[in-house]
Amino acid sequence: VTAVRIAIINPNTTESMTDTVVAFAREVAGDDTVLIGVTPTTGAASIESHADEVRGARSVLEEVQRLEVSTDRPDAYVIACFGDTGVAAAKEVATGPVVGMTEAALLTAAILVHRFTIVTMPPETIEFSDRVVRSLGLGHRVTVRAVDEPVGAIANGSLHLLDDFLAESRLAIAEDGAEAIVVGCAGLADLVRPLREALGIPVIEGVAAAVGIAKSLVAQGHGVS
Amino acid sequence: VTAVRIAIINPNTTESMTDTVVAFAREVAGDDTVLIGVTPTTGAASIESHADEVRGARSVLEEVQRLEVSTDRPDAYVIACFGDTGVAAAKEVATGPVVGMTEAALLTAAILVHRFTIVTMPPETIEFSDRVVRSLGLGHRVTVRAVDEPVGAIANGSLHLLDDFLAESRLAIAEDGAEAIVVGCAGLADLVRPLREALGIPVIEGVAAAVGIAKSLVAQGHGVS
Amino acid sequence: VTAVRIAIINPNTTESMTDTVVAFAREVAGDDTVLIGVTPTTGAASIESHADEVRGARSVLEEVQRLEVSTDRPDAYVIACFGDTGVAAAKEVATGPVVGMTEAALLTAAILVHRFTIVTMPPETIEFSDRVVRSLGLGHRVTVRAVDEPVGAIANGSLHLLDDFLAESRLAIAEDGAEAIVVGCAGLADLVRPLREALGIPVIEGVAAAVGIAKSLVAQGHGVS
Amino acid sequence: VTAVRIAIINPNTTESMTDTVVAFAREVAGDDTVLIGVTPTTGAASIESHADEVRGARSVLEEVQRLEVSTDRPDAYVIACFGDTGVAAAKEVATGPVVGMTEAALLTAAILVHRFTIVTMPPETIEFSDRVVRSLGLGHRVTVRAVDEPVGAIANGSLHLLDDFLAESRLAIAEDGAEAIVVGCAGLADLVRPLREALGIPVIEGVAAAVGIAKSLVAQGHGVS
Amino acid sequence: VTAVRIAIINPNTTESMTDTVVAFAREVAGDDTVLIGVTPTTGAASIESHADEVRGARSVLEEVQRLEVSTDRPDAYVIACFGDTGVAAAKEVATGPVVGMTEAALLTAAILVHRFTIVTMPPETIEFSDRVVRSLGLGHRVTVRAVDEPVGAIANGSLHLLDDFLAESRLAIAEDGAEAIVVGCAGLADLVRPLREALGIPVIEGVAAAVGIAKSLVAQGHGVS
Amino acid sequence: VTAVRIAIINPNTTESMTDTVVAFAREVAGDDTVLIGVTPTTGAASIESHADEVRGARSVLEEVQRLEVSTDRPDAYVIACFGDTGVAAAKEVATGPVVGMTEAALLTAAILVHRFTIVTMPPETIEFSDRVVRSLGLGHRVTVRAVDEPVGAIANGSLHLLDDFLAESRLAIAEDGAEAIVVGCAGLADLVRPLREALGIPVIEGVAAAVGIAKSLVAQGHGVS
């Protein structure tokens, strides 16, 4: 059996965030999958504004185009930014399937439970989540909440924000009827297990979810766009 | 590596439909997955009315309850009926994840393309598709069309309906802007490849899609409800 | 004048709930209407989960089929379970009109006021209300709240829960702008008058509402489906 | 038993339309109901524009206010104009319940079937139907079609338009999946029976539907707003 | 250059409200625009109920019809009542464009920010705002809040309500994520600047917004309906 | 009086399209407005794919940032690409208001009529229109149709496509009930007058609409974001 090769593209230039998210995805991906973390060398250090998204989308597009003509063309791509920056353009230029971490997280949550909540950060990016929620049409089943910290705060891990995410998740359960939590940012992967343990409900990380879906799309032959 | 064991439950009593859909799913599931087709011995011969759905839901519930206390409890379940009859109840009583073929097909299509069409049969079941489309909120991206044949017509394969499905799919492309087709009935799996070849766009079969998602949910640890 | 005969089918096996709801409906039905309470002998004792709904739907279907071939075939049916379990199947097999208590309650409230709130019980069944709200499309005018008690708590009457329902209704008025309250469970009929008196706004009981609509459908000749 | 007295207010000044609709409603209302047709002496001759609606709403408001202080105050009101002109204002000033023929027709259809079509006239009034459909949230289940004749064409009965309404209804069945037809104008009551016979599906007339609902609201004690 | 002449019609008979709103609009309209305040002599003193709306709509219709046949026919009309009472009818009978203050305010806010809040008064009129929000489809981006004062309280200016509007606006920012505030009543124009200064976000007054849009419609040649 | 200075930024590099659209906008902008056409020197020659949009958004962002620090900073910006590529990012970095041609066209049409149709080109860009329609929530009032020509076909004017646009507009009127047409591409400005004359209904060009709204926003003091 040949392993499936999936490139995980981080639209921002912060390599430590790529590392965190790829490490978490590896634990769930299985031995038959090779995950290749990709961090652009130029662009935005984090995606916290629409202007950052413009830069991040360009980085995604350039990285996919570069990989497509390389000798190591991956079988599929996962775009690791909440808001799915650049995903639509990547789908056009890639030979294999492209999955955004946000669409993957939302669809996974929608299969697991009826109502759920995205806990993202910072509050300014709630609009990015709203955009994907609305594009999928899931507005009647999702609420979006935010922890008030800049993305820079998790460049070296997010465990120090566990209490903030726990507090917001508990509000989601009590006030919004959330039956699952989606962590709304790449680089929050290290929060998944402690949150799940403390809350006792599913906690969904979009890159891990996207890797599973990407593998399945390849297996179903939806590889060639 | 231990293989993941997934029970594919057909809510109706027509064993040949179970066989068709399991055979197709096996081609895409990979060697690390064991698929167990389950056909109830009593209930509805096909699911073409709300009354059939009541009987089919009961069959699904009973089969899951039986498997849960068996020595062979599967790691996950796929429910193989367009309309996701009994899926909500199965999710309550199963230890592992349960995925409906309809929700899996729609979410897969939503990742692959912007607009798509379900081609189901017979027209009386359009309402079942509508119900899942509306529960997910995808109404702005999906149309539902139907071939006017009873489910019984495909008890022994559906290839003789290729022309009907091609005609309806071509209308979907021309009039609805469909960029992908979802075949809207378990037992249409043998139509997927000829449709894909003739149409040149993705053709999605929900049981195959559901198996991939179920595997990924198990890998992500979303096994215990 | 021949009286209209309406069967009120309780999908669960708790006869005292049938009695409560039929007694309340009789007060509003008029002398020209015969109400026949029907309680299944096997099935679920209450409908609090999707698995209960599968069993309850089967009970509804079987009771309608039994009555249809009896010498006493009723002119119409009312299904007395919030969530309208089995109503779609019953509509298919009945000769006369079938009205669910939930659809009847929501449509009645929508005629009386602009915004209203369902107060159901327990919280796990909020999803059942949501499903009917969404099927009708009334989501922009309805909120759903719940009292945290099992259905079993009202097997012998619900007056001991008056304070809980009053508290939740007052929150609905203050926070959701509710101009009317729908009591979201068969068996809460004895709460209608004290709630109405204390709140000063319409309080709607679905079975009573459904009986009136069923009579009118018979009169309009919509009897034969 | 005291009969329930219901005023049927025609917002326009064309008495023959009041007569047609009251006559049809009488056939379904039952002996225990007194129907009082009300035609304003000044205002619009038909309601075919927004300006007509402004005039018609004023007529409705004035007639209700007049009846409220008369010695013959009715127990309930039905407003007989498709589009429910003046209904919201009438609800404020009436002591008893007020039901619009459009809201009554749509809710009745929504209980009888899943998908249905309003056939109104002339095309310029499609927007009035759309407004009520959207206010109720039923857009996913309703289509609106129109026969291209002015309202004046039915001042003396609508049977000469049967072929036009049949043709449009058949398109609704074939293209929109309509399972029932709502005739979208007061004064089309004489079309109900021939349409029903020719089409074989429910044909709903809003004033008759509204009378039944109004009676039921009075019986439930929702009389005092 | 000939100045554009715009009639600002107040649907109620309170001349001081016309004066306030015209004065504010003049400051933003530019020298090339002549604003003509119009106050009906009969009708409702304020628009706080559906019955008031019926009267106000008639006043609007009569004033537009009067101006259309006058020697001073304006180039465009702005209707100065939150809820856009009579606007649809005015659009039918006017030669030039007609703009409602509510539609203008909502569209302006939708261009400036993603999420915003209408702060109206009194709470009974929230439904009027909801109606316009829903007609435009902006429900996913707008919340509506109210200050609990009758419209009569601002007949002579609204500055004494600044604290109430500030408090409600701050709740909108904190709880609804509002990035802009729409003041939801003609006659609140004197609150715009102090609110803007205190809140630091855009505060939108609908009549001023409508005047700008009306001028632009005239310039684009959309003058003749 | 100082003139208002508005930069019209074309996200693509085709200068002739900038010229066409600026020339048309000048005719409606008035003498008190200075329009500055801006064409990027690098980027996409036309915006017909998501990948083009990524490049176009970057061009928009860079041009706004360049102008913001120039000695000639404009008072407002109009972004001249159907789909509003880069508009959200431009709003963040501009001091003055930014208006997209698509949002301006849709809001203008929504004020003029109830139902309207966008006629865009080529069909692949229908999704871009859909995105803005959905972001505004106008889906219930808008249809989107397309002429099957590449954007390159109008680099030197679009009059040769008049018959195609007429044909599609007439279908919109007949089948979708369109009361106005929005031309869905910058560079179609020369079609506006002949279409309006031939169709007899409003034909809306987004850049002209956006210029009027931008002027009004500046006048209302919404200049500083």
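Order as written gives the chain letters A, B, C, D, E and F; numbering starts at 1 within each chain.
To be clear about the criterion, a contact is a pair of C-beta atoms (placed from the backbone, for glycine too) under 8 Å apart; a residue touches a chain by one contact, two chains touch by 3 or more.
The model shown is predicted, which means the values in this text are computed figures rather than measured ones.
Under the touch definition stated at the top, chain B and chain C share these contacting partners: A, D.
Between chain A and chain F the centroid-to-centroid distance comes to 33 Å (mean Cα coordinates, whole Å). Taking each chain's centre as the average of its CA atoms, chain C and chain F sit 52 Å apart.
Centre-to-centre, using mean CA coordinates, chain B is 43 Å away from chain D. Residue numbers of chain C whose C-beta contacts span two or more other chains: 134, 139-140. All chain pairs in contact, by the document's touch criterion: A-B, A-C, A-E, A-F, B-C, B-D, B-F, C-D, C-E, D-E, D-F, E-F. Chain A meets chain F in the complex at residues 49-51, 53-55, 57-58, 60-61, 86, 88-89, 91-93, 131, 134-135. Residues 1, 28-32, 97, 99-100, 103-104, 107-108, 110-112, 136-141, 196, 202, 204-205, 208-209, 211-213, 215-217, 219-222, 225 of chain F are the ones that touch chain E when the two sit in their complex. Here chain B touches chain D in the complex through residues 123, 126-127, 130, 134, 139, going by the rule given at the top. Residues 114-115, 140, 177 of chain F touch chain D in their complex.
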